[in-house]
Amino acid sequence: MPKLKIEDLARMREEARRATMLREGAGRVKIIVHLGTCGIAAGGRNIMAAVLREIEERNLHDVLVTTSGCAGLCSREPMMTVEVLGQAPVKYVDLTEGKVKEIFAEHVMGGKIAERYALAVGSERAM
Amino acid sequence: MITVNINGVERQVPEGTTILQAARALDVSIPTLCYHPWLKPFGACRICTVQVQRPRGYELLTACNTPCEEGMVIRTDTDNVRQARRVVLELMLARWPNVPVLQQLAAELGVEKPRFRSEFCDEDPEACILCLRCVRICEEVVGASAIGYEDRGIKRRVVTPFNRESEACVACGACAQVCLTHHIKFEPEDYRGKPPEFLLGPNTAIFIPTPQAVPKVPRIDPEACIHFKTNGCQKCVEVCEAKAVNHEMTDQEIEIEVGQILLATGYELFDASVMSQYGYGRLDNVYSALDIERMLNATGPTGGRVLLKNGQPPRAVAIIHCVGSRDENYQRYCSRVCCMYALKFAHLIKERCPEAEVYDFYIDMRAFGKGYEEFYSRVLHEGTNVIRGKVAEVVQAGWSKQDEGTLLVRCEDTLIGRFREIPVDMVILCNAIVPQRDAERVARLFGLSRSPDGFFLERHPKLDPVATSTDGLFVAGCAQGPKDIPDSVAQASAAAARMLATIAKGVVEIDPVRAEINEEFCSGCRVCNALCPYSAIEYLADKNVSRVNSALCKGCGTCVAACPAGAITGYGFNDRQIQAELEGLLAVR
Amino acid sequence: MPYRVHCMVCAGTGCVSNRSLDVRDALEKELRKRGLEHEVQIVTTGCNGFCAVGPLMVVQPDGIFYQQLTTKDVPQLVEEHFVKGRPVQRLMYTPPEAPAPIPKMSDIPFFKHQRLIALRNRGLVDPEKIEDYIARDGYQALVKALTQMTPDEIIEEITRAGLRGRGGAGFPTGVKWRKVREARGEPKYIICNGDEGDPGAFMDRSIFESDPHSVIEGMLIGARAIGARYGVVYIRNEYPLALERIQIAIQQAREYGLLGENILDSGLDFDISVTRGAGAFVCGEETALIASVEGRLGDPRARPPYPAESGLWGKPTCINNVETWANVPPIILNGWEWYSQIGTERSKGTKVFSLVGKVRNTGLVEVPMGITLRQLIYDIGGGIPGDKKFKAVQTGGPSGGCIPAGMMDQPIEYVAPDGKHEARDYLDLPIDYESLTEVGSMMGSGGLVVMDEDTCMVDVARFFLAFTQDESCGACAPCREGTKLMLDILTRITQGHGTMDDLRALEEIGWVVKQTSLCGLGKTAPNPVLTTLKYFRDEYIAHIEAHKCPAHVCRELNTYRIDPVICVERGHGCGVCRRECPEKAIFGEKNQPHRIDTTKCKKCGVCVDVCHFNAVIVE
Amino acid sequence: MKEQERFEPRIIGFLCNWCAYTGADLAGVSRMKSAPNVRVLRLMCSGRVDPTFVLRAFQLGADGVLVAGCHPGDCHYQEGNYKALRRTLLLKRVLRQFGIDERRLRLEWISASEGEKFARVANEFTEEIRALGPLELTAALETGPALELEEVRA
């Protein structure tokens, strides 16, 4: 290891921020992928993978991804809820990997809800 | 300087003084146990506890190692202090009830009966009370660090490493000296090879050899002094006001230009152990004359009392003359002095042990000096048994109880013609007087020859007894032959007179006999230069001739005989004189 | 693939001994089986403090707290929580008398009342990875100290913050640093005292195991402030895991150039060496510790000179406790105002206590100074198990004292911060250095032993005194002889041979040992005895006069009797006790009441243990 | 040979002053009987004995020459006796050339205390010379055997 300079410390801190933010449960956006039995059956795992891929590509570290059980709408699976801090959570239904990409760009990054795929706004509190 | 208040008395003390030192300066008494002026304060016993006022109440501190601070208020006599010291002492008495130093302190502090008894109680009055003064002095002052302590808590003990004899110990006895309870003993075993009873004075490292020592000043014994072993200590340097102690001094060889030398190197006593029949060095209570001289001396090991090895006065003493003198196998000459000091011994032993029997074995009683014969008859009247006969041997008696420890002297009593065996407790041998062991070397050093008995040869036994064949070299006393004190003194005065005479004359006449080189004949071959033992002949390079330095030339004539050119004439013994002598000698048939 | 979940598996000594590492391995295998190993990261952390319910795991970011995990629970846990996202109720912590389990760690009362400064990173960082520490603002305080503050400013910051030594004496750290800085002599040393000899205290161990770098950073800042060239971490050899983690941390710090020459190009040269304690309690005392580091026999020496002027190798040395060093970085980073708001008027900041003894939630807690004993024992500790009555609490380990609960009617005078005099009973006493000393105990390292009615105070006093007596170095007479004599007296009392003037002797000897001993060990050894004598004198008298031990702990004083009614009705004279009694002192037939022959009875208590119907009465 | 005509050898004794001469004196003082044939010539040191003196002595009719000095190491002048030893050994060869029997020249170490030794040497030497008979030097000169150079050098 080369001898550290002060700047190196700062850089390392930034790099590791992602992990620690996650550990402290702090984040700007929270995405919940519903993986109840029906969700999984409907391909929820692929949606989860897609979401994670998006995060990786954009190298985000303030987006929290968790899973939850069945939301009750088995017919519209796979589903996910996107909740930007301070705004009402939005539930998206009948997702495909492509849709996930669009939602990510418009809502997660742009902050504008992708109406066309949204089912309902402001259902149960996720945060 | 800082001001402190001890028991109400204000006092200025230098920075860094401990409370104990300040108190002692005000002669306020504070008891101490593990404190020792030479050692760094350690604070093991806590007996020196005193009370120091604090903003919120008081604090009990140990006086020996707490430095004074500005404005400190100290009380050494409050109830708390007394109670603390008393209970600490009771705790120690619980463990070591019979240690005198603790009992004495208990009496002072008013502790009647110790209330507690520890499970590890040790009744021994000389128990170790773990004050660690010994360990500290060995490390801080002696610098040998030979002892330490092991284990912890109640099981702590002072030991040498691994409880084995420590090589680091320099046997200086410092630990024994500072031990409060004499738990550490120090016996000077066979010190420097001589049996302890014949030590010349105390065996501490710095001492005055004997009260009559000349000069009467202390001397350092490098073998016993710690400084030479561990480079530590030097307490003597600190305490000597005159700052006269200097460990760096060593024997120095001083060269003094002198005109005349008096050889008064004295004699040595014949080693009687060589004559095994007398058992000197083998049997107890067989002493040589010098040993008894030492014992009779008031400052000697026994303070003048005549004692056997077991400390009892003897019931019978045998004095044997001519041990090694007048003897074919050892010294054929008579040592002259033995008879008289033998009688002196008889007289003194009679005086100091009135009921003791004294037997004196002689061949011929030579009471030759002035008043000597009268002394001899007086000693006879005092009841000394005198037996004429050379003692054959001295053996250890002792097959029966009452013979225990006695000696049997076997001899033939020539006056009554019978063989006798006399039981005695002590035997005194009158050893012969023999030349000093290094007489050979000294003689050669001075170019002096020795008489057949080994003593230095005087120029003439009758006409010039104190001079030697070498001018300016004189001899006196036993170095020239056995003699007693009156004769030695007479000779010494004679020699001194002779020397002073020469000095008074102011001029030294040198012998006319010496060599001289005739420079015309000298061919500069330089044979004579290397020849001369006194290198009195120097070579003059410019004149290419040699020349004799008349002051150095002793006139031996060796060069005269060796000169190929016959250029050197020896005054007093020149060639023509010798030729004439030859002619004279051979002229008659 | 970035991780979305971090499983913080506790790897403190407590949990590791409960096989938390097996749980981790099972978890790893299960995740790989379910193909989740790239989404869920497993992190082994230091001790979280709640040792009573180990092995435990916290799932972040959800903050779900799982406890008493076994390898068998792992498949269900992975299935439910990680695959389906449904936390498993069964494995959560349910506080006593609480209706339902509490999922979130922050809501659990044991954690809620705590305030973490020294243990700020516990459970959140992997102690063996410096990156984790750096991620949580690690070494930022050092950067600030090196670049924006002069050594004097650092010392000023610590002084104004009011940080005091956490080793037990509570000496103001700022004052100590200033004295060492101004002392003459080079090089200067700083020492981290991790000897922690008190039985029942394990806060230093926990700090080393969960967050070793905070200690290193604290020492670096101290070195800068004092101008010290070398640092020594003195750690008990009985803490193998902590030793390993501090050595790894030091090695990593050296590799990153945070130890050695010209650290962070600031010109500071500083390095740390580790010295292992040889197991002597007395080596917790600073001068004995120095002797031990120098390789000499660990004996304390007289002071002055204090280590600040002449310590290690005769040079100025600053010795602080592990917890004290761990407090330094947060103070420097957040400033002294933030720190001085926490705690009481005279004792600032927080204190780590090891809550042990007769309390439900035994473990390690870091609480702000000023918290009351009641909060500590009941709110955090979860009260006394087995509905036994709370009797007393012992603070400060063998050097501390016992504080009774039962003195309700004799409240003590308490001066509140606003100067109002209040009457409070002991339990509501805010804990800080001065308050504990006033009631005869002391803060000490922070050991807090809760005792219930089944504890015999005389036996407790004897236990603690036996410890200090055995650990006495034996150099000074009062401690060496005094503790031994007091121990013999106490043993006699517990065997029923005590007399009344034994009590006076205990007080007298106790006073002398406390006043005149050379070092801290001796000065505090009598505290347990003196405080139990002061507050529980009646128990001593019971032992002496009535020859009875109220708590039935001192066996020689107990008498055993079988209740005939219970024996027959409930036990039908089963005879289990008759068979098990080693002395064959119990007689009786089937369905008949059994009887104990008191002459033969050796009072071993086996019958009490084997009887299922509690028919044996102990008086 | 009748009593009075018995050949009385004439022996010259070169005695060193410090040892040999004193030894001789001691012999006298101790009343030891020794042959009067040795006619004593005192020199400061045996080193002073010049080979020519010995030759001169033989020439003047001496039948034997005794040179007596201190024991090696005892010499009052340190090394005189060593020089005498060297010269005597060489001189013995020269005597052979002159046809003089080398036993007529004898070197002895006699210390001041060896009076008895001086007497013994004197008696022995006298008998030895008596056995050799008188030294007719002039006759020997003519008839003496001529020595080869090598023999001299050996």
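Note that the chains are named A, B, C and D in the order they appear, and that numbering of residues resets to 1 at the start of each chain.
Rule of thumb we're sticking to: a contact is a pair of C-beta atoms (placed from the backbone, for glycine too) under 8 Å apart; a residue touches a chain by one contact, two chains touch by 3 or more.
Not measured: the values here are computed from a predicted model.
*Asks:* Can you name the chain that lies farthest from subunit D, using the mean of each chain's Cα atoms as its centre?
*Replies:* Result for the farthest chain: A.
*Asks:* Cα centroid separation between subunit A and subunit C, in whole Å?
*Replies:* Between these chains, centre-to-centre, one finds 42 Å.
*Asks:* With centres defined as the mean C-alpha position, give me the subunit C-subunit D separation in Å.
*Replies:* Subunit C and subunit D have C-alpha centres separated by 115 Å.
*Asks:* How many angstrom between the C-alpha centroids of subunit C and subunit B?
*Replies:* Those two chain centres are 70 Å apart.
*Asks:* Using Cα averages as centroids, what's the distance between subunit B and subunit D in whole Å?
*Replies:* Spacing between the chain centres: roughly 54 Å.
*Asks:* Which category does the touching pattern between chains fall into here: line, ring, star, complete, or other?
*Replies:* Shape = line; chains linked end to end, path left open.
*Asks:* Every pair of chains that touch: which are they?
*Replies:* Listed by label, chains in contact pair as A-C, B-C, B-D.
*Asks:* Touching subunit C in the complex: which residues of subunit A?
*Replies:* Within the complex, subunit A contacts subunit C at residues 1-6, 9, 12-13, 15-20, 22-27, 32-37, 40, 48-49, 52-53, 55-56, 64-69.
*Asks:* Hey, which residues of subunit B end up touching subunit C in the complex?
*Replies:* Residues in contact with subunit C: 41-46, 49, 60, 62, 65-67, 80, 83-84, 87-88, 91-92, 94-95, 115-116, 118-120, 130, 132, 149, 151-156.
*Asks:* Which residues of subunit C touch subunit B in their complex?
*Replies:* Interface residues on subunit C, with respect to subunit B: 280, 282, 297, 302, 304, 469-478, 480-482, 484-485, 488, 505, 508-509, 511-512, 515-518.
*Asks:* Going by the contact rule set out above, which residues of subunit D touch subunit B in the complex?
*Replies:* 10, 12, 18-19, 22, 39, 41, 43-45, 47-53, 56-57, 60-62, 70, 73-80, 83, 87, 111-113
*Asks:* Looking at the complex, which residues from subunit C come into contact with subunit A?
*Replies:* Residues in contact with subunit A: 1-6, 8, 39, 41, 60-63, 82-86, 124, 131-132, 134-140, 143, 147, 255-258, 264-265.
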